[in-house]
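Chain nomenclature is as follows: A, B and C, assigned in order of appearance, with residue numbering initiated at 1 for each chain independently.
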Amino acid sequence: MDIFMNLTLSGLSTGMMIFLLASGLSLIFGLMGVLNFAHGSIFMWGAYSGVWIYFRTQSFTLAILTGMMMGMALGWLAERTIIRRVYGRPIDQILITTGLMLVLNEVLKAVFGPNIIAVPIPPLLAGSWELGRIIIVKYRVFTIFVGLVVAAAVHLILTRTRVGMIVRAGVQNQEMVQVLGINIRQVFSLVFMFGAGLAALGGVMMAPAIGAINPGMGLENQMLAFIVVVIGGMGSILGSALASVLVGLAGVYTAWFLPEAALAVNVLFMTVVLLIKPSGLFGMGGEQNR
Amino acid sequence: MVLVLILAAIPLITSSRTTLNLWTEIYILGVFAMSYDILLGYTGIVSFGHALFFGTGAYMTGIIIKNTGPTLSNLLLAVLGTLFLAVVISLIIGYLSLRVKDVYYAMITLAFAELFFISAEKWRSITNGADGFSFQVPSFLQNRVVFYYGILIFLVLVVLLLRRFIDSPVGRVLQAIRENEKRAEFLGYDVLKFKLISTVVAGVVASLAGIAWALQQRFVSTGVMAVDKTIDALLMTTIGGTGTLYGALIGSGLTTMAKNQLAGFAKFNPIFERWYIIFGLLYILIVLFFPGGIIGTWNRIWTKK
Amino acid sequence: MILQLSHVQTFIDQFHILQDVTLEVPEGEVTVILGRNGAGKTTTLRTIMGLTPPSGGSVQFRGEQLNGLPPYAIARKGIGFVPEDQGIFSNLTVEENLSLAMRKKDGATRARLQFVLNIFPDLEYKLKQKGESLSGGQKQMLAIGRALVNDNRLLLIDEPSKGLAPIMVEKLAQAIREIKQHTTVVLVEQNFALASAVGERYVIIDDGHTVREGLMSELLQDRELLGRYLGIKSNLSNGKVV
């Protein structure tokens, strides 16, 4: 029973952090049709810069803010200089964002070194509560909390603001939004920046959870995010949320029984979804007019 | 033709083992890059899983020879085994992933690549995990000069074969698919079947390159299956020029030589350790502004005259 | 002339869809674009709107050149577009669809919204419901309504009667008659009955070329033209079909 609780908590926690990474990816792809292969690198940069600040200031809050800003800055820069030149050209997008990923990863290694860096959990969030025989790790609860807050915030923005409305409409039919006189390119920049910021936040959150950061964590987690986005459907925040939880739980539970198969199980889910309903469980409908 | 003669003359000029090794590496990676070009440059598919074919070839060779002895017959066994595996794997993965759009295909191949990589890592009993293992090569291949010529011949053969493939009716259909997939479909071509053929050809050639690599290095580790290797192929092909076959060779030459030279400079300044950054930036610039790569830009300069 | 197209050419991929389109639209009237399937009628509208930019010729709106401007800029000049598939955002409510379209939120806009709700009362009653719950006819109303909430001087409507029941088509005709009092309308229609009922001028496009333009009343007498380009065989000399 206690193992079950532990695993579930861990799975939800992981799921939430993947959600932060995947939601941005999903929106960016759903709205702009850009599959950002550099998303994981931004996640990683968020983690590294957050950790760097934390080591210098001992303030986790500052770390989170730094991470997010780093993410948004990178996102803004990338969109401005590179991404906007390849809208509507999927192959070039993949190629370009892969190049971006390469450069970001290598610069990261040059700046921070290629080795694993250990990251402690901030004292305030460390430790666990005990409920009888069940141990509840505080940090995991914190990540779940943050994830839920972000999900709620994103939902509110999407449903209650004009920008959110534009995004929801644009995911469905980008051309029509333009025809209504709205410069959707500006919204693209915003969404890209915001998605990048979320990814970076995910990175900062994940660092203490795993206890270490390394230059491979970008690609690793991006893989999971891809799987989530495929399963949940491009452009659907709800889909991303549910799929993240699924992937998080599946990964953690499988790892408990058969560590080698953890990734395989999620890849299997992804393959099944791709074969049956390529637009994902909550997909907004792939074909867009571009 | 002239070029081949020049290259063939190299061992006569220098007896430096490092130089010979360098060129052999260039040829092998060149073959790997060319196989990637078949997918990217000629069919218009972006795959992130190409390294798994390369790695399969390398591991097959290493494992069989290590366990059964470094003889010619065992090497042949390894080659046959690799070819068989390459075909089967490419068919399976191809069938599962080619039916979806480009972007999803890229993601799925990445996922499969990761799976293979992790399997290689975890299956320590056979692969010795991330540490890898070394092995002896059959005696007739131990002489570096002989090996050099062997690989050169291998390279020439592959170039000829791929050229014939591209110029064949099948190859032309692939190029049509790259240009405009919908149109090819309307014209009645079974796009999936052709993409599958392309995948199998590319996969097989890549696995052969993997075999050659293992023989050259006399060592196999998880590095051969890593996504990095696929990205290397991507870089080489793009920088050299996609859709030209020779571009892949030029790209390989450039990249491999740079790797070696710049690593030497690292003694002076640590920035050179991250020479990848330069290649990454170069790559981005090429995709944005010089889509033909080196060869494409060269051609354009010539036609302007 | 509120809209002038002069020797416009448009390519889609390598297909030369519009080869030579020249037409003029007088302000305050309903001009109908007629022609066979695939003649280039929809492409003409899309070219005006900048969705498929022209590669030759000029598109002028109230004296300004529209060539090369992005669609959103063209829309902001005061042109509303109702595409063939209506372009309703099915996951947004009727209210949101209309709100999204509004460029300003002032009194004038609210008045226009009221006007829209008056001519399309169904929309008022379905305000809070998602676009996907609307019937075909209601979607069409919403699509047109969206184009009306702004101070648009020109409305481009592509085959609005497609798939609508006859009674809806009648409502549509009434709506267009009301609309044209404030806004110039360019209508692409295959349904000749509707076209001749509301249209004052016509333009026939065939194979990417403008074949003829003129007054609708004249067209109704010209059996040869009707037969050749529109496939209409019967005698419609009385002109009144709706």
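Just so it is clear, contacts are C-beta pairs under 8 Å (C-beta built on N, C-alpha and C of every residue); 3 or more make two chains touch, one makes a residue touch a chain.
In this text the structure is predicted, and so the values were computed from the model without any measurement.
Judged by touch alone, the chains other than chain C, held in their current positions, stay linked as one piece.
Note: the chain lying farthest from chain C is B, by mean C-alpha position. Relative to the centroid of all protein Cα atoms, the closest per-chain Cα centroid is that of A.
Chain C has its Cα centroid 43 Å from the Cα centroid of chain A.
Centroid to centroid, with C-alpha atoms defining each point, chain A and chain B lie 32 Å apart. In terms of their C-alpha centroids, the spacing between chain B and chain C amounts to 55 Å. Across the assembly, chain A contributes no residue that touches 2 or more other chains.
The touching residues of chain B, counted against chain A in their complex, run 44, 46, 96-97, 99-104, 106-108, 110-112, 114-115, 118-119, 122, 227, 231, 234-235, 238, 271, 273-274, 276-277, 279-281, 283-284, 287-288. For chain A in complex with chain B, the touching residues are 29, 35, 37, 82, 85-86, 90-96, 98-100, 102-103, 106-107, 109-110, 219, 223, 226-227, 230, 259-260, 263-264, 267, 270-271, 274-275, 278, 286. In the complex of the two chains, the chain C residues touching chain A come out as 49, 51, 70-73, 75-76, 81, 83, 87, 89-92, 96, 99-101, 103, 146, 150.
By the touch rule above, chain A contacts chain C in their complex via residues 162, 165-166, 168-169, 172-173, 175-184, 284.
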